[in-house]
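Here chain A shows up in two complexes: once beside chain B, once beside chain C.
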Partner chain A sequence: MTRREYLSKQKEMGRNLIGVFPAYYPKEILWAFNAVPAEIWDPPLEIAGANAHLQPYICSVAKLGLELILQGKGDILDGLLFPHTCDSIQNLASIVYDYLGLNKPCYFFYHPKAPYRNSSRTYYLEQLRSFVSRLEKDMGPLDGGELKHRVEQGHHLAAILREIYDLRSQGDFSASNAEFYRVIRQGEYLHPDDFIPLLEGFLGRSKGGDGKGSAVILSGILANPPEILGLLDDLGVRVANDDLLNCGRRLLMEPGRMEDPFEALTANYFAMPPCTTKDSPLDERVNDLLKKIEKSSTKGVIFYMVKFCEPELFDVPQMVAAVKTAGVATLIIDVDLNQGLSGQLTTRVEAFVEMIS
Partner chain B sequence: MNSPYFAGVDVGSLSTEAMILDTTDEPVSYSIIQTGANSIDAASESFEKALAKSGVSQDQVKSIVATGYGRISIPFADKRVTEISCHALGAYHLFPDTGTVIDIGGQDSKVIRVGDGGKVLDFTMNDKCAAGTGRFLEVMADKLQVSLNEMGPLSLKAGGEVSISSICTVFAESEVVSLVAQNHPKNEVIRGLHRAVVNRVWSMIKSIGVHGAVTMSGGVAKNSGVVGLIEERLGKPIHVHPEPQIIGALGAALLAKKNFLRASP
Partner chain C sequence: MSLTKSIRYNFMKDIGAPAVMGFAKAGKKKRRRKPNPNFGPPLKCANRLKEIMTRHYFLSRYAEGARPVAWVTSGAPVELLRPFDFYTIYPENHGALCGAQRLGPELCSVAEEHGYNQDLCSYARIDIGHFLSGKTPVGKLPRPDILFASNNICQTVAYWYKVLAHQLKIPFLLFDTPYNFEEITENDITYMVSQLEEMIPILEEVSGKRFNNQRFEQIMLLARDSSFTWGEVLATMKTEPAPMTIFDAFIHLAPIVSLRGLPVALDYYQTLLDELRERIDRGIGAIKNERKRLMWDNIAIWYKVRDFSNLFAEHGMNFVTATYTNAWAETISNMDTDKPLESMARTYSLVVLNNNLNHRLGLMERLIKEYKVDGLVIHSAKSCKPYSVGQYDLKRLLMDRLGVPSVVIDADITDFRAYSEEQTRTRLEAFFEGMED
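Right, the complex of A and B next:
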């Protein structure tokens, strides 16, 4: 079933569909409102109209998201959510909300940036409550029991994902790179009632593996074009872990076990790995990446950049230097989304694999 | 049994090279042809020409490694290896003190850090754009109505230098047209173009760092003007083989031998 077919079915079931721009938002709250968040990262579209609204130096995540709206491909959605991820997404929110005259509710979610203080937690808690108040205006009152259930479901989902990632990093997970990310990324639009059984089945059939081949880690925003994963499969290279914004960086490490679901969600936010879009200190990011490298005996890190992604590009030189100092090879790739594998990109990846093999 | 021979075929965007090696790693013959529109035909033709020159029969060639952008489509190759690994190994074989390779080819440029045995330790490569590569110089030579081979000697005779503000082939072409219209001496324009190429590759050199002796490979290494400006910037001489285009094919042939020996009992 395609993503669109799935979302249509969800709508038929009476669920609201909320298009969500990257990256951090409390999806459990949307689930509790019987809504399905459908994340917008890299819709497979040709950028045409978006170029009239955005500068040439804006990343293709923002451009493709706007293109989706301009081409009417988001008509199925009941609303849009713009987390405050970066300046580009923030400006996109302004263009869509203030200028396009879209006949859909737009929601905004402002998560705190590092360095964190006690007031950051209070602020986040207030943002959660304010987000709920805004949603209640369109979707009716929130059922507190349902929110608690969805928070627990989110913890269960995170536990399965952690187990999959742990097995993967130890070489005990047999799925190919392409299959691994195809399944994991379905979490960007599947309702948890569907995603959890999918992940459990995936875990069951993929447990075990020979751990052969060189291991690499991907760092960046998202692995697109997906052909890059197939190329690594063909070259016998295993992506043992990732520091990708759409995947590993949103992996909940220590779930908040508080009785109050808002308190638990707040704890969850601060328990996620460090990230450029949260202004995490560089040393936290370096330590997190070095830990991943050590845990998975990685020989190389591929910094997979989306062109013009400012938050990410600011950290790259220091991240590369730290990884090289640790004796691990690095490769920087800078791409526009959905551009396919060029000959030069293929050569770079192949040469990198030859270098670490 | 006759002595085995090994071959490397480097299918680049503009030229294709084939190299035949014997068991002592000595080049027996090589050929350089234009790639044209069909990389498989170019690979076959180049290989056949190298065979014909060597007097070695195809049966005697026991292992063939293909490299270059066209490597994936060469049907008679036993193995495919990137030009980055092949240039590193070829340069190290010719100049064992090589620590850095600058390869400026037809449509891309690379800077490679080379370690013991010719192993790649790090590298950088230009992106999709062919700015500052052989193709850039070819377009400019055409616009200035000089041959590619004349560009180096002409630029060395320049009394001054005209600044070229763009390295983009399209924009630089317009700029050259304007400079010619303003009666700037041709050799000064060429020197400016060479400077633009060197500026482009210099940022790549800086990102990898200069380690050990520097060897330049690829067709642009035949341009004495570009080589001179790189040496000036580095503050030291660089190694340039009389046929810098064959270094990739040489590396591929060396890997073919290694491949054969590894597979043989």
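Right, the complex of A and C next:
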């Protein structure tokens, strides 16, 4: 079933569909409102109309998201959610809300930026409550029991993902790179009632298989085009872990076990891996990446950048330096999304793999 | 802090700096620049401004070890730092200075050689390039003890200052101002006030000084009065002909950015305001034949300020207002010593770049009407995404609603490698023609 077919079916089941721009948001709250968050990272579209609103130096994540709206491909959605991720998505949200005259609600979610202090936690907690109040205006009252259930379900989901990531990191997970990320990325739009069984099946099928071979880590925003993963498969290289914003960087490490679901969600946010879009200190990012390298015996890190992504590009020189100091090879690639796998890119990856093999 | 360095700093402040600057002034050959027939007499205050900023950068060379030093972003609530006697350096102001002296690409290249992508903000690349090479046109910048930023102007400053904090191993204080997608909320205000409260013990520790509330309130009042006066300076350009141009304002805003909360900034703007009022009384315009009045959107193109100033004056066009220069005046009425931290939260979080684009559209409409603007020049600055994203829509909407013609110039604030003279000239010629229709 395609993503669109799945979302149409969800709608028929009476669920609200909320298009969500990158990257961090409390998805459990949307689930509790019987809504399905459909994340918008790299819709397969040609950029045309978005160029009338956004300059050439704006990243293709923002442009493709806007293109989706302008081409009417998001008409199936009941609303849009813009987390505060970067300057480009911030202003894009304002263009959509203030200027495009959409006849569907737009929601905004501002999360506090590091360095974290007590005020940040208090603020995040209140932001969750405000977000609920805003949603209640359109979707009716929130069922507190349902929220609690969805928070627990989120923890269960995270536990499966952690197990899958751990096995893969240790080389005990046999799925190809392409298959691995095809499944993991379905979490960008599947309802947890469907995603959890899918992951459990995936875990059962792939656990303990032969996943050895040269290992690399991907750092960046997202692996697009997916052919890059196939290329690594063909070259016999396993992506042992990732520091990708759309995948590993949103993996909940230590779930909040508080009774109150809002407090648990707050604890969850602050327990996620460090991220530049949350202004995590560079030391934390570097250490997180070095730990991943150590755990998976990785020989190389590919920094897979989306062109013009300022938050990510500022961190790269320090991360590259730290990785090199640790004796691990690095490759920096920057791409526009949906541009396919060029001959030049293939050659660079091949040369890199040759170096680490 | 070192006693020897303190003695040296105080000596330079009281005796050295005045003496050195006096010698420099006396020794400088007076080069008479041929007057440009398109302009009125130059502002007398320009010399005083040069003295103030030269002294500021000159003294900064001796500040390290004598006073706590902070590197600060242009939109950060510096009033909180002043009671602790921090010597404040504004890397953005330094970047503008480097840009105006056409040093942008040279310093950016240093950062690029160290892996910083050419697509990153050029203020940041200049600053990192300076940090890595020590190159600067001001002699030397003091090493900071603390970094103080607010993301009310962009998220970039946080990424940039994190790099510095990582390299220098010093504290980084971020004043996180939630972006106003709709309206500012009480939750936002509470959060910002709490952050300011949490910063005080850190500032006490770094500076070795206790927080003095009375002194803080005095500084708030000084900052408020300086911003008010800066607002009055800008408002003189409502007069026809305007007594100054926005290109003058780009230069004269240095004290309100870098010296806000210090008596010298207020004194300077009072003197400037007096001069401008005198010019108004005498009917002196900044340009001799002000036929059209324009608005500028975005940060200046620092390496083109003089060229653009001449070019537009030749066409009898004067820039009389800008969203950029207005930023240091527009929210100051919120400053209130009865609610110091809360009012600072409002003052700093309601600025144009921390507000949604509808707010910006409203502000531009107001400025266009109040300043009787005939046309708009939009600088699409590669370095500044929060200022630039949305400009295409603003251009269209202002044309639809007010019939104001506009032109977009693709450039960068300091890195002239991202600027095409030919393309810009072509666009401007078309704009000039359109303005005459």
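Please note the rule applied: the second predicted complex is superposed on the first by the 356 of 357 C-alpha atoms of A that agree within 3 Å, B and C clash if a C-alpha of one lies under 4 Å from a C-alpha of the other, contacts with A are read in each partner's own complex, and residues count from 1 in each chain.
To be clear about the criterion, a residue touches a chain if its C-beta (ideal position, glycine included) is under 8 Å from a C-beta of that chain, and two chains touch if they have at least 3 such contacts.
What you see is a predicted model; the values in this text were computed from it and never measured.
Engineer: Just to be sure I read the superposition right, which of the two partners does A:39 touch: chain B = first, chain C = second, or both, or neither?
Structural biologist: neither
Engineer: Contact-wise, after the overlay, does A:329 reach chain B, chain C, both or neither (first, second, both, neither)?
Structural biologist: first
Engineer: State whether A:308 touches chain B only (first), chain C only (second), both chains, or neither.
Structural biologist: Once the two structures are laid over each other on A, A:308 reaches chain C alone.
Engineer: After the superposition on A, what does A:344 contact: first (chain B), second (chain C), both or neither?
Structural biologist: first
Engineer: Check whether chain B or chain C contacts more residues of chain A in the superposed model.
Structural biologist: C
Engineer: Which of the two partners, first being chain B and second being chain C, lies in contact with A:87: first, second, both, or neither?
Structural biologist: second
Engineer: Using the superposition on A, tell me which residues of chain A are in contact with chain B and, in the other complex, with chain C.
Structural biologist: Dual-contact residues (chain A): 334.
Engineer: Considering only the defined contacts, which chain A positions touch chain B in the complex?
Structural biologist: Within the complex, chain A touches chain B at residues 324, 329, 334, 342-344, 347-348, 350-351, 354-355.
Engineer: Residues of chain A touching chain C in their complex?
Structural biologist: Against chain C, the touching part of chain A is residues 52-55, 57-58, 62, 82, 84, 86-88, 90-95, 97-99, 108, 110, 112-115, 117-120, 122-123, 126-127, 130, 276, 279, 281-283, 307-308, 310-311, 313-318, 320-321, 334.
Engineer: Hey, which residues of chain B end up touching chain A in the complex?
Structural biologist: 69, 81-85, 108, 119-123, 125-128
Engineer: For a test of understanding, state which residues of chain C touch chain A in their complex under the given definition.
Structural biologist: 114-117, 119-121, 124, 151, 154-156, 158-160, 162-163, 165-166, 172-174, 176, 178-179, 181-182, 185, 187-188, 190-191, 194-195, 198, 356-358, 361, 380, 382, 385-386, 388-393, 397, 410
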